[in-house]
Structures are given as structure tokens and as C-alpha cells.
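Chains here go by letter, A, B, C, D, E and F, matching the order in which they are written, and residues are numbered from 1 within each.
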């Protein structure tokens, strides 16, 4: 498995276990997550970019990977994604740089996976 | 002075004092702040929305006010700004709600100021 | 108005405005908030104490006030609430102390209000 | 070694090294940690649940594992621990979900270890 | 009362109430706080500068005021304190700027108070 | 490769890729990072200690490693570095302990590398 497949496999396996535990609040939070990023007054691309920037300043590595994959699928360019990174690094400071390194690595993995397909 | 004028007056007065202290690093950070939100691969409106969402999840009240004023000037609608709020509150959790209350209050102040003008 | 009434009046006024904006995600988050703290496998008192401790380590002042009022109503004693404070201050560090000061002040206001009633 | 043994072995080895360095403040913080979670006005089970919830909203993975093991030993049920998770995820937002996934994985490891014993 | 006296009066009044509640953990944390910043392998000035920088990146306003007063008393110059500010703002990002504004305001208050004495 | 070499190799490889992307804001942030820690009103050793303490309370593992290497090179003693750790753990709370464990492990790796050289 490549890094993208590995991340998604673990994510998917654990999400299934969480939902199987049948805690109503957690199920609703997961459900809400889907609704929040659906087309609305703002388009999906803008929303996913907002999700990515927020994840980055909060230094949530798995959240960054998740939104990176979404914006990659939605055709956000490398120049655009680097501008999102620059905003997150300015606002969140140099402690965001380690997440930036891993985001750049994951972006490359997303590029590779797409080229193979 | 209304709340918007009050915030901007304090912000402007203190920024002047900070720049007057002539610390090169701080001056460059302030300068960089301007450049980061300039038109680029992403347009100014998208960038300011990213700045607003990041400020909200990080619960930086003055940063929220600053970006709220920017997006208000740029014509972001109430429905759009509430979608930004919803993303920030989902990602950042209910600890963001107190900032949401103050943001809604400030948005009203921005509306009032605009209507008077 | 005493500090407790003042906090609740502002909170209530702004919550009404937020809900009036009719953003579905925010409405569901508010709704979920009510459900999460309802009786379940854990009793309401335990849940509110968990909410208080989490609010304190995250230094969310309004959230602390909200949960302080709840645990006060539920009969949590001063000795118990100080043990919650001690856990939050140990885990979250001395940056939690300013919130501790305000929490102790608010606890006194809750005591006063109850005694008057 | 299973994941639980691995975590505890590393934790124990490094704690020994920290205490061996003979820094009085760090030794007292470690000592205080033990006292804080001892029986008091609140019972040990409640205190450990508070510790778990705080660790989760602060996204401290090792702290979560430590308190998960404690509440597991104290007989907290799966339904109860998921209610703690739900409170932490509501208050701390969806950035807590990655920690939730790892917590669920670790809870399973604790179950397995107990069944073997 | 000037802003410095006001801050110290509130801080002192609430600390007394916290200590009067006789929670052993909180008392030890307060005691530990004093010991941590005492002369050791590092001198008091360096330690207080470390306390100030940490308080700033964590955006703990009261903690910043406390350490600002200490470094002011210890003869830290304006150029030095601005270099601490610059490090905190680079590492912690532009969300630290609102704290920077208030810190500069408080530094002026400390200057004024000293000149009057 | 030992842990120090491994960390630096990854850091260096990814930094090159980030700079190659030619985003002006990110390049300036990287450049500013170098300037901020240069000799000024405060000496380099003090600045690096400030950087280490800030990185620790913000729980940025890679940032801690980076500044640990710097202070190690600058001749900060084990007793001194443990006092920095103690300040960070007091201010930031016990959630900093996992970072403390990894910092102590990395400090040993730095010692080993130096002795081999």
C-alpha cells in the first residue's frame, strides 16, 4: 500500500469500529462532518480549502491529510495549495512547519497515485 | 466611537508603537502579513475567508474581528460567513461558540456602520 | 444584574441570533450539545464535571462559567469543584491559573445568587 | 510485546531517566501527578475519567493511553468510555477524531491483554 | 489604581481565596511556581524571560503581565523584551499579535509606574 | 543513520522541496526564522533556550529536536536544559511530559553523536 492507501485503510477501519459502538453523539458528529462540507452558499472547493487551513493551524496531521486529498481531487493547483500553506504558517507560526513538511510529502504521494491511475 | 471604530483605533495605536520600537523581525512579520493576503493564485476574498476560519478555530478574538471586517468589505454575504462559522465550530468544537457569539455581535456592528455610511 | 445574570443574558441573546440565522450545521451543533450532556451510561453530574474540566484545560472562559453553573445546580460541593480545578491545573499547567481565579470568582457569584433565592 | 506493554515499557524507562536527572521541580510534578488522582472528595474513577477527557481535548496521545488503561482497570464500561469520547469530541471538535481512532484501537488492546491474563 | 496595581490587586485577592480553599494540589502547584523560577543552573533573569516567552506563545494574558513585571524589575531592556516578543510572534504566529499589543501597553504602564516611584 | 542524522536528513530534504515551490511568503518565513535567532540585544544561547521552551509548551516535537540540537551545540549543560524542561512542564502542564520523555531521549542521542565525533 502507498501512504495514501495506508492512511485511508486505517481511517476507514477505525471509523467503522467507532460507528459500530453505536454512540449517538459520535454518529451525529460524523454525519455532521459530511453535511458541513457539502455545497451551500460556499462551494465545495472553498469549504475544503477552509477545512485544510483550519486543520493546519491546529496541527491535526490526519485532518490535513484528509483535506489535502479532497482539495487534490477537486483540482486545487500546487500554487493554490502552497498559498493555503503560507496563510496557515503565517497565522499559526513556525510550529506549523513540521506539518507543512508532512503535507508537502503527502501532496507528492497524492500526485504519484493520480499519475499511476 | 462604535465597536468597529474602537477596535481599529486601539489596533492602529498599538501597531504604531510596535513598529516604532524598530524590531526588524516584528516589522517583517507585519509586512509579511500584508503580502500573504494579497491577490495571488487565490483571490483576496478566498484568502480572507481562510484567515477568518483559522482565526476562529484558534480563538483569536482580535484576529476574528480583523478578518470579519475584511470579508464584510469584500461583500461576503451573511449566509457565506455563517458557513465559515459552521466549519470553524465543527472542526474546533463547542469551545469556539463563545467566539461565534462575539463574531455575530461584531458582524452586526459592521452592518450598522455600513448602513450609516 | 449580577455577574451570573449578565453572563446568561448575553449568552441567551446571542444564541437566539445564531439560531435565527438558520444555518443547519450550527443548529445541529447546538442541539447536539444538549444531547451530549443528557443522562446516559454516565449520569448528568459526571458529564457536567467532565465538561467543566475540559473547558478549563482549554481555557474557554464562557464554557467554564456555563458548566460551573450546571455543577453548582447539581449540588457539586466546593471541595469537589476544587478537585476538578486541581486536575485541570495539573494537566493544563499554570496557564490555567488565570481561569482558576475567574472560576473561583464566578463560583462565589453562584453561591450569592443561590443564597438570595 | 503488545502495544500496551510497549507503551508502558518506554514510559517507565524514560520516567526513570527523568527522575534520575534529579531536577527537583520535575520530581515534584511527577509526585503531584500521583497525589492529584488519589481518592479525595471525588473518587478515583471520576478523577481518572476527568483525566481522560482532558487528555483527549488537549490531544495528548500518551496521556490518553495512560488514563485509558487506568479507567479500564477501574471497570469503566465501553458505553461509559464512549460517552467520555463523545463529550471530548463535541467540546474539542473534529480535530479530536484522530485521537478517538487511536483511543479505540488502544481500548481493544487493553481488552485483549485482559482476556489473555 | 493604575493598570499594574489593578492587575496585582485582583491577582492577590483571588490567590488568597484559592489558597484558603485548602486544596493540597493547588497549594503545591502555587508553591512549585515560586521554586521553579528561583536561581538555579539558570539565573532568575533567564528563567523569567523563558516564562514570558512561554506565556506569550500560549497567549495567556495574565501570565504575560506577571512575567513582564518580573523582567521589568530585573532590568531587562526594551530592546531585549522586544526580541523575546519577536521570537514568540515568529514561533506562535500572527495570532500572538493581539497579546503583543497588550504586552506593549502593559510595558508602558510598568515604565510609568517606575518613573513615578 | 542515528536519530539525529535521520531527523536532519528528512528536515533538510523537505525544506528544499518547500523552498523549491517558490512561494514567497514561505520563503520569507524560513528566512525570518534564521534572522530571529541571530545575535542581537539577547545572545544566541538565550534565544535558542527561548525557542526550546516555547517549542516545548506548544508540544511541537520537531521544533523541540531542532532547538535541542542548537542548545547542545552551544554548550548548554544537562542541568540547564532540565531547568528549561521544568519551566515548560510547570507552565504547560503534565501534557508536556510525553514531549519531555522524547526530549530526554533525543538529548541522549545528541550526547552519543558528540562523543563519537
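The rule is short, and it goes like this: contacts are C-beta pairs under 8 Å (C-beta built on N, C-alpha and C of every residue); 3 or more make two chains touch, one makes a residue touch a chain.
Please read all numbers here as calculations on a predicted model, not as lab measurements.
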{"item": "For subunit B and subunit C, chains touching each", "value": "A, D, E, F"}
{"item": "Same vs different contact residues, subunit A with subunit D, by half of numbers used", "value": "different"}
{"item": "Farthest chain (mean CA position) relative to subunit B", "value": "D"}
{"item": "Chain pair equivalent in interface to B-E, over half of contacts matched, among A-C, C-D or B-C", "value": "B-C"}
{"item": "Mean-CA-position distance for subunit F and subunit E (Å)", "value": "24"}
{"item": "Euclidean distance of C-alpha centroids - subunit D vs subunit F, Å", "value": "27"}
{"item": "Centroid spacing, where centroids are CA-atom means, of subunit B and subunit F in whole angstrom", "value": "32"}
{"item": "Set of subunit D residues in contact with two or more other chains", "value": "25, 29, 32-33, 36, 55, 57-58, 63, 79, 82-83, 86-87, 89-92, 94-95"}
{"item": "Arrangement of touching chains [line / ring / star / complete / other]", "value": "complete"}
{"item": "Residues of subunit D defined as touching subunit E within the complex", "value": "24-25, 28-29, 32, 35-36"}
{"item": "List of subunit D residues in touch with subunit F within their complex", "value": "10-11, 14-15, 17-18, 21, 23, 25-26, 29, 33, 55, 58, 60-63"}
{"item": "In the complex with subunit C, residue positions of subunit B that touch it", "value": "59, 78-79, 82-83, 85-87, 89-90, 94-95, 97-98, 100-102, 104-105, 108"}
{"item": "Residues on subunit E engaged by subunit A in the complex (per definition of touch)", "value": "57, 89-96"}
{"item": "List of subunit C residues in touch with subunit D within their complex", "value": "32-33, 36-37, 40-42, 46-47, 49-51, 53-55, 57-58, 63, 77, 79-80, 82-84, 86-88, 90-92"}
